[in-house]
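Next, two complexes with chain A in common: one pairs it with chain B, the other with chain C.
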Partner chain A sequence: MKTRMLSLPQWRARRADAVPAPQGTWRLAARISGRDLSLLVDRRAALANLGLCLALAVVALLSLCLGSLPLDPRTALNGLLGQGDVMDVFVVQALRLPRLAAGLATGAAFALAGCLMQTLARNRLATPGIVGIDNGATAFAVASVIGVGTSLAPPPMALVGAATATAVTFALASDIGTRGYRFIVAGIGVGAVFGALTQLMMARVAIDAANAAYPWTVGSLNTRDASAVLWLSAGLLVAFVGAAGLSRAMTVLRFSDAVARGLGYRVKACRYLALAIAVGLTGLAVAVAGPVGLVALIGPEIARQLSSPRGVPLTASVLAGALVMTAADLTGRLLLAPIEVPVGIVTAIVGAPFLLWILLRPSSRFVS
Partner chain B sequence: MNAPLESAAPLAASQLSLSYGHGRTRRRVIEALDLTLPAGQVTAIVGPNGCGKSTLLASLSRLHAPDAGAVLLDGRDIQRLPAREMARRLALLPQETQAPEGLTVAELIRFGRQPHQGLFQQWSAEDKRIVDAALTAADLHALADRPLDAMSGGQRQRAWIAMAIAQQTPLLLLDEPTSALDLGHQLEVFELIRAQAAAGKTLAMVVHDLVSACRYADHLVAMLDGRIIAAGPPREIVSEALVGELYGIACTLIEDPATGSPVLTNLRPLR
Partner chain C sequence: MLGLLLCLALMTLASLLFGAGDVGPAAAWSVLTGTGGEEARFVVESLRAPRTAVGIGVGMALGVAGALIQAAARNPLAEPGLLGVSAGSALAVAIALVLGASAATLRVSVAQLGALAGCLFVLAVARLNGVGGDPVRLVLAGAVLSGLLGALTSLILLVDQRSADEIRFWIVGSLAGRRLDDLQSMLPSLAAAGALTLAVARPLAALALGERVAVGLGHRPRLVRLLTVVAVALLVGAATAVAGPIAFVGLVVPFAARALAGPDIRRSLWLALPLGPILVLGADVLSRLLVAPSEMPLGVITALVGAPVLIAVVRAHRLPAV
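Let's turn to the complex of A and B:
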């Protein structure tokens, strides 16, 4: 039986008329309503993404299994489907799954934001956490939690905070791409101011309010708010679409501006769009988990190590970020059980030496 | 619809005024400049440091927006051309070329196809053919899979020019393509530029060395303080007086016995 309207995408790699793919890539080609469509898939990046997916599946399963009530994988998976002992189902579906989802979403969001910002500023240090966006979002979220002159919920407040911190940094640095270091230095200063504001607010309010706001200041997945996770999921969907559309521009943004513009890209527009996505993701992720900014540094770095220099590892960053976040949260839950170490502290303990390694690694140009 | 003003000139500047800097430090570098690039020829823009030649080239390639006047590509104002269409008609080799770490020569050249590709048209038989042709033109086939960072300055510069060739544009602008290269590598790059003109492209380059400009360009544009003080075939316009005016030096001009192009000798301070 033949369908004449639309021929399905077919694998043409072995046909005689196939176009040879460049080294290290697979070419997927299809002919849809008379138009030749082709995609180049980077082999190394594809394998890296596959490996990260597998690792992520393992860690996700572990985080459903492990805890004060250990479950074997079969019981955990059954619990996920609502089968088995009522207690097991409750632990998996009501306690561990939401926490896992929050970890995956925040890790993905932080790391994607980090990768976008590193690329658009052409500097590996230009992650949202380092340039003060996390701190801006935290200050506003804390203001919302303890009720300082506002009635907005934490997620929109964190968004406003992230945007405010970025705007102030921009005003101080006047430009981002051509003078990446200025943007970073201005951002570190702005971040310090917002960090101090958060501390000031915490010191001035009643102890109950300060306790309620505390998780936002260290970064924790323990007290995430269901609506904040929904906000973040919606934001992630929009960000994925935007980042996919920008993916080709991002590979070209790694060149100097003159080269990128010579290749027909509207460099400023691409940069602002990528920055807007990164700021939005950071704000929404901070509203869920607080400032776990080091994931934005570690995730893309792992992704870059695994992928090839041909492209910008946006997908791998998403996966690596989710992996780091869930692994860190799991470690924090188990390390000193029954006491829980907040995920922000775990990532800081792992992340700080990692940052030093990036800076001190021989033969590395940390501005890339 | 703009009618082409002059079909023989693919790129021209008309009453172009350019400024540089921001706020109080902003100053006019070029005032009401007219320029036409002769089709199918190599134009060299020469002049002392700070005369505005690189700013002019940046403006010709739309990196620098004019205060007044326009740059016309086939008679149309380039500020109104969509970015991608512009990149299919004019390629640029800027002075500041920075590439991601670890990229190979072939991968760099493939980026030249970007203006012709789309999110779902990432690699066609034509792309393959054109990238191969660019590798051949720049004599880089043997080095195609070597990382860019591991190559000599001349090879790297040829790779960048090959990327611009892969853009398949009728126009190619180069900003000091030989500035950091030794004599042998300079020659390689200039020969590649000449070959492109022989293949029918129109080229313009900013060059520091007047003798190389005379040797390799068909058309010379001499700039001083943001003005064009002489333009034409090198043999006709280069004189001891012009060299004195441009660089403030005295010299004796002789003819290269092999090529007939002007050569500067006996250089000395003017006063």
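Let's turn to the complex of A and C:
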């Protein structure tokens, strides 16, 4: 009884109305079956996510409407529900919706992987595309497509490739180096080798097979495979839950290892887990859309600009990545219609100047 | 040096003897000794010999260009292919083709203009505050620039299918089917660049000791760098116009030359002359043999050789000063 008495004041102090919410946050409080529950919501992050959701909805609707057969929004939405003209329903449900879904899933996966890798390497340039993971996954997936000594489907092969490339890069870099740069350049080298292997395989197959695989090797949503999209969606769900579990550890990992360890986090375990999630996501996403690596850089960057600097913007990255991918695909489809520009080329043209700007800004803080 | 020349002679011989087609080493050897059948004679004399000659020219150009740009940027990782210089010439050629120009001589000068733009970008980046001191960041910026230029080239080819067909075999980087005309179109640029190189070799060696030392010795660093960049653009542009973009030769050759001759640029430039052709011809022979009876792009082999060198340079605990 005595302990109960002692703990009572503290319990009171923690009640929702007793302490004002920290600046820039909302406190959501509720009393459920006699227990006070409260949740601090970062105001800026919440608004950013809301805004990204709205933008995403607009772009998604546009990508259902626009194309070689333009539909007005009402027709498109009716088509989505299976009502209206048969042709419209077919265009929306069978052609545009799967493509939209593939775009959303790959964009989200690339961006989440990018955000995780940037945080664990403490370098904004350490995204899967730049350290060669994309190229490794592509090489293995191409091997699967053209049937070089394997019977595995592209998604698992891409996973194996992504893991192989990461392992090789890590082994070669031996340590992360100052600000992860040694790791990144080792990754560029590994990526070059895997890129060469991809070309080697493309050179060996018949010309029509190579032509069919070509758009995919530069990154395109046109050649997506339904089963690969399913693999990716399942993987994305698992990964997002895992990443959400890691988000506190990620926030702390942005500081030095010593700080994180002092706060009681197992730094190595967190890092390996985050890396595993990032590698898995990249592999699965590459199996769908090919190497569209720059989304992994642009998505988290947008998220970071919009969200508060308090935490690692995992959710915002997912939304921003899906937004960038869908918008880039839409642009690629419309820009030079009827020719379709692969989404990888669009993101490269938009993303590269941005990347250069990050790299060369005179007063840049490189560490995220 | 003597050993390298011997090695180069062996490589030339190998390039004449081995091929992806039916004419094997024995048949080719009989052509060289004066006998041999009609078909073998045709293959060796009008296919392999010009190809070998072009390979020697391209190798020399790329090797020397690599050594020069590393000295000008004072960065052991600088490489025309990695830094976007080759991608710049490829884009320029693609644009010229789309606009309707297809003459070989024009192609060389257009490629050189593209290379010059790429070089100036590299030099500007290398001189930026903060970036110049970190060799690795320059490479990263170059990789990004190459990616951007490559994407623009793909975009152009996508739009213009006719040019795409014309350019498809050139854009991957290969020596297949090159003729003596191609070598001739390179020669004036090679000569001019050679003269420039002789002029800047001494100042560059002084520049390696630092800007102030070079000024104190009576050199003008800005002028020297500008001339070096022009020489690099002439070399890379000519090589790219003929053989397409080939990466990593300019990284591996100066690396090997420094390992053999030490850090003095004047000696490593001379060594680059035989080393470049050795690498290019060796890679070319491999490209014919690995997937015979078809061939694979030369750039693939040089990437497979060069990427490990890149990693080795980065792994070296202290980056060697150039």
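Going forward, the second predicted complex is superposed on the first by the 334 of 368 C-alpha atoms of A that agree within 3 Å, B and C clash if a C-alpha of one lies under 4 Å from a C-alpha of the other, contacts with A are read in each partner's own complex, and residues count from 1 in each chain.
Simple rule for what comes next: contacts are C-beta pairs under 8 Å (C-beta built on N, C-alpha and C of every residue); 3 or more make two chains touch, one makes a residue touch a chain.
None of the values given here were measured: they were computed from a predicted structure.
Peer 1: May I ask you to decide whether A:341 touches chain B, chain C, both, or neither, giving the answer as first, second, both or neither?
Peer 2: A:341 sits against chain C, while chain B stays out of touch.
Peer 1: With both complexes superposed on chain A, which partner does A:254 reach: first (chain B), second (chain C), both or neither?
Peer 2: first
Peer 1: After superposition on the shared chain, which partner residues are touched by A:43: those of chain B (first), chain C (second), both, or neither?
Peer 2: neither
Peer 1: Taking the superposition as given, does A:31 touch the first partner, chain B, the second, chain C, both, or neither?
Peer 2: It touches nothing on chain B or chain C.
Peer 1: Could you tell me if A:172 is touching chain B, chain C, both of them or neither one (first, second, both, neither)?
Peer 2: It touches chain C, and chain B stays clear.
Peer 1: Spell out the residues on chain B that touch chain A in their complex, using ranges where they run on.
Peer 2: The contact residues of chain B facing chain A are 58, 61-63, 83-88, 91-104, 106-107, 110-112, 114-115, 119-125, 128, 131, 145, 164, 167.
Peer 1: Spell out the residues on chain A that touch chain B in their complex, using ranges where they run on.
Peer 2: Result: residues 19-23, 25, 27, 36-40, 122, 245, 247-248, 251-252, 254-256, 258-259, 261-266, 308-310, 365, 368 of chain A touch chain B.
Peer 1: Under the touch definition given earlier, write down the residues of chain C that touch chain A in their complex.
Peer 2: Interface residues on the chain C side: 77, 125, 128-131, 134, 136-137, 139-141, 143-145, 147-148, 150-152, 154-155, 158-159, 172, 247-248, 290-291, 294-297, 299-301, 303-304, 306-308, 310-311, 314-315.
Peer 1: Can you list the chain A residues touching chain C in their complex?
Peer 2: 125, 130, 172-174, 181-182, 184-186, 188-190, 192-193, 195-197, 199-200, 203-204, 218, 336, 339, 341-342, 344-345, 348-349, 352-353, 355-356, 359-360, 362
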